[in-house]
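Before we start, here is the structure in question, set down as structure tokens.
We call the chains A, B, C and D, going by the order they appear; numbering starts again at 1 in every chain.
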Amino acid sequence: MLLEASAKGVYPIAPTPFEPDGRIDFNSIDRLTDFYVGCGSTGMTVLGVMGEAPKLDGLEALEVATRFIKRAPSLPVIVGVSAPGFAAMRSLAHAAMDAGAAGVMIAPPNTLRTDDQIVTYYRQAAEAIGADIPFVIQDYPLNFTVVMTPGVLRRIIADNPSCVMVKHEDWPGLEKISTLRKWEAEGSLRHVSILCGNGGLFLDFETERGADGAMTGYAFPDMLVDVVRHAEAGERDEAHDLFDAHLPLLRYEQQQGVGLAVRKHVMARRGLIASDAQRAPAGGLSVAAKAEIEYLLARLARHDKRAAVA
Amino acid sequence: MLLEASAKGVYPIAPTPFEPDGRIDFNSIDRLTDFYVGCGSTGMTVLGVMGEAPKLDGLEALEVATRFIKRAPSLPVIVGVSAPGFAAMRSLAHAAMDAGAAGVMIAPPNTLRTDDQIVTYYRQAAEAIGADIPFVIQDYPLNFTVVMTPGVLRRIIADNPSCVMVKHEDWPGLEKISTLRKWEAEGSLRHVSILCGNGGLFLDFETERGADGAMTGYAFPDMLVDVVRHAEAGERDEAHDLFDAHLPLLRYEQQQGVGLAVRKHVMARRGLIASDAQRAPAGGLSVAAKAEIEYLLARLARHDKRAAVA
Amino acid sequence: MLLEASAKGVYPIAPTPFEPDGRIDFNSIDRLTDFYVGCGSTGMTVLGVMGEAPKLDGLEALEVATRFIKRAPSLPVIVGVSAPGFAAMRSLAHAAMDAGAAGVMIAPPNTLRTDDQIVTYYRQAAEAIGADIPFVIQDYPLNFTVVMTPGVLRRIIADNPSCVMVKHEDWPGLEKISTLRKWEAEGSLRHVSILCGNGGLFLDFETERGADGAMTGYAFPDMLVDVVRHAEAGERDEAHDLFDAHLPLLRYEQQQGVGLAVRKHVMARRGLIASDAQRAPAGGLSVAAKAEIEYLLARLARHDKRAAVA
Amino acid sequence: MLLEASAKGVYPIAPTPFEPDGRIDFNSIDRLTDFYVGCGSTGMTVLGVMGEAPKLDGLEALEVATRFIKRAPSLPVIVGVSAPGFAAMRSLAHAAMDAGAAGVMIAPPNTLRTDDQIVTYYRQAAEAIGADIPFVIQDYPLNFTVVMTPGVLRRIIADNPSCVMVKHEDWPGLEKISTLRKWEAEGSLRHVSILCGNGGLFLDFETERGADGAMTGYAFPDMLVDVVRHAEAGERDEAHDLFDAHLPLLRYEQQQGVGLAVRKHVMARRGLIASDAQRAPAGGLSVAAKAEIEYLLARLARHDKRAAVA
């Protein structure tokens, strides 16, 4: 099962669950995977740079990816393979594909500046991993400081047949989606899947602009699935009603650095993982922050029963 | 009337209204000022770097500031005086104070990196403008790439008696407010006013953490006033209910670069200014974006009649 | 006298001389200008961003530029007009041209990232100042963090007939010069003048690659003139012999932040200006640094008598 | 043999030699190591981030480090272990020490900004690798954009007894060395070794300011050894005479990105390695650049016979 440019729906970015003592919590990987499958996810993404993938060493990373993949044989799994160099990227990409991954995701190093540097980097990365491995461009300027114009994305897609998806998390980014879809309609760009990240902060409108779904880690992936389904069914108000109810919490989770602690805390409160433990270096939650999350959950639960965790 | 460390409430960041042909629209300055006063603002801030102040030349900038100041004799007005060098900063600061400003706001140049560089910069800036002019620290890492720890803010406040306020727009920034207020409670930091920016994206919790109010440019400053008033009155649910109703639009306005176009568009739709014109270079709104704003306003109007602009 | 694309030779970047009490030292402007003219400079550049132009307020900046221009009626003078916004840039550009400047120099704001952003910025800047004012692109990534590929320079030159010169200070930058000259030879790029900055660190080879000369502020502009003359005359070894003798000092001057203090100190030791005073904020020289400079001058004087200042 | 704070002399940064087809050239590792030992190096550093270490996968990296270590049993070898996360850093550090390394070098990730962030990072890194592994701080703002004040270095050294060396490549950096040595003389900072990098561009004065030697990759490590020896013997003029003769070439090698190609090319011309091949992505040398290097070598050979490679 290889990732295809026709991919749609929700590929949750999976956090790496840990035991309080720092060991990998494989049971929670299973539980979380079952939840993703059960709520209607159409794929999964593991070892994202925003999660705790860099806190794993090479063997652990492969073990984690493999566990997710084995638990969800029906879902295509994308494995993050961003690395400081192409040799390590190739090694991890091949190992991931051997373990059953459907494709890989590549983020740009934050030293890239010019259009040509970005295009060249992706061409070299695609050559390094091999043309037979489908890959995803991660377009996240807020985190990587690498700014890709629509024209740069078009060049990368044109250069590399194995590029099948854009993880779109530019901000602002609505016009970028419209531009890519317009070029596709005009015939100057082949179709690739566009799944949206950036915490889901603009998912309500991104689907309307032509995105195929979401790839982000919000603690209610089931909400993401519902919003994308409503949008696809043309149920605009329903999509926005549900999205808006979650927006106060989703916005709260969207805090650089702190966000992962919020996310794991809510996931643990929901029972999706056993513990909100992070490996060092980890940003913890203050008493005040935890109380704010409880308040947000209680307010959300008035609209969405899934938030009733008390 | 000089700005004081006891300042509270809402100081809207005023945009600069233009005619469609690029001339300054002084009538809209009057109209906007009247609105700010009428809705309960406790001050105003003009010539912010995020607005179009850099598109004014020196004489125009002073004219704009003066017009706002004269129209609202009862309100303290803060004037942005950030400049590439201290000579220009001093000139503008003195001219603004002569025109009746209550204080000035200083953003850090985006070349500062170390704690000492930041502290030194503010000491030199305070010396340049003179110790008798109250000033505001603008702490906005997302835009300026200058990261100030709570300890750096404490050093700046301790060094400079004329520092009376922090425009807090760090993100995430809730713990920073708590830390500053804790230090104040312990006696290791004198009180300064903390007004929150970053589009108001976390205003609901910032007031609960100890902020004194808001200083941002959201197109519904009247909502900001109400939220701050509810918070001060201990009406927590009312504050959040109103804030949450606005959050989808507020979040939509919080798009770097595009945000000002959204803000002016909504303000023009509300009749607060005559036109949403910007001086070049300006990011316009697509047809799709304008339709999204209408949809957001219509949804908001179900909860807040002030959004019923159709 | 307007700046032309055929410009050659050396346009020294002039520092702004100050009295020890911070006042502008106009007499030293005259003395320095006479020296520039006397040693064979073919132009001058004033109010550069790397000098102390930002420490002048608007009126002072114009006074300084005018004094240089009036003192050297035979030389074309380029005035730096980089500014946070186009309104201030236009005002300064027009005032400078009215005072007799030959052209203006524009540096990119350090927020630009993509190729299109850079090209658009220069198009808007050229429109803002007007098509009748010749301008210079300042290409200095080390300082501005804006990276311009040869292709971006070609687009700017093609878009803007009033672009007549590139101040080339990319590092490394030798291949960039070769590429631009190759395109010119092929007919795909019109000729513009290329003068080299970055402290002159690669001037020996830049002239061989096709640069037309130097635009930098090294404390021995007379050496720059000689090196460019030797190069133009095909006296390769003589050019390198002289350059290499200066390289230890030139390299010492090429220290970000500290460099200006070194430069002014040596210029004052040579009698080109009365004092090495800088306006605050200024980096001073330690006793050790001053002794190192004396040692370097003494060593240099063995090869170049002009360095015998003791 | 563990790295100690009393380390002195020259620790060349070793490039990774490759065959033209991209395989690791182990014979050249041996030959290069023999040269380092033979010319008087007191240690070696391998797997630096500026070399091609990121182009090796994990197993290769360890093979390369081990080969260098085994070939020079008399020299302490420092292994670069910078990594995106602490798990990978710990794995590589332990493997390197098991293979016989004397210590490890850690560069800061380029996302660090505040003083506290930098200090915390090194504390966490030291904990991750374990207190028994001596480590080196790599202080290279030009490359990493992380600026460490002398005070930050003092905090890191005070916090971590296993910190024994600073690889100093700040620019400008002479005053930083003086400050650290002054603090040491005053008793407020324990002694650590300071070896200088940044291509050696200021080595002539760095040794006079109190540095203990060099750790850089210039293609004439034998010159570095001689300069440090002269400096230690108080032969100031001899040190500068030799250094100045090399400065034109050394400066030419000091071109970000291109520099490694120059370095390998000269090393191959000298016979220190068999080929100047780099793994992709690699910047090659143009015909013009190669001719410039020949010219520089020929000029240098008039003063230093070791450059007579023709």
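Just so it is clear, a residue touches a chain if its C-beta (ideal position, glycine included) is under 8 Å from a C-beta of that chain, and two chains touch if they have at least 3 such contacts.
What you see is a predicted model, and the numbers here were worked out from it, not measured in a lab.
Looking at A-D and B-D, the interface holding more C-beta pairs in contact is that of A-D.
Set against the C-alpha centre of chain B, every other chain centre is closer than that of D. Here the spacing of chain C and chain D, counted between their Cα centres, is 33 Å. Per-chain Cα centroids separate chain A from chain D by 38 Å.
Centres computed as Cα averages put chain B at a distance of 48 Å from chain D. Residues of chain C in contact with at least two other chains: none. Residues 49, 53-58, 60, 83-88, 90-91, 110-111, 120-121, 124, 127-128, 279-281 of chain C are the ones that touch chain B when the two sit in their complex.
By the touch rule above, chain D contacts chain C in their complex via residues 171-172, 174-175, 178, 201-202, 204-205, 208-209, 240, 243-244, 247-248, 251-252, 255-259, 286, 288-289, 292, 295, 299.
Listing the residues of chain D that touch chain B in their complex gives 113-117, 145, 147-149, 151-152.
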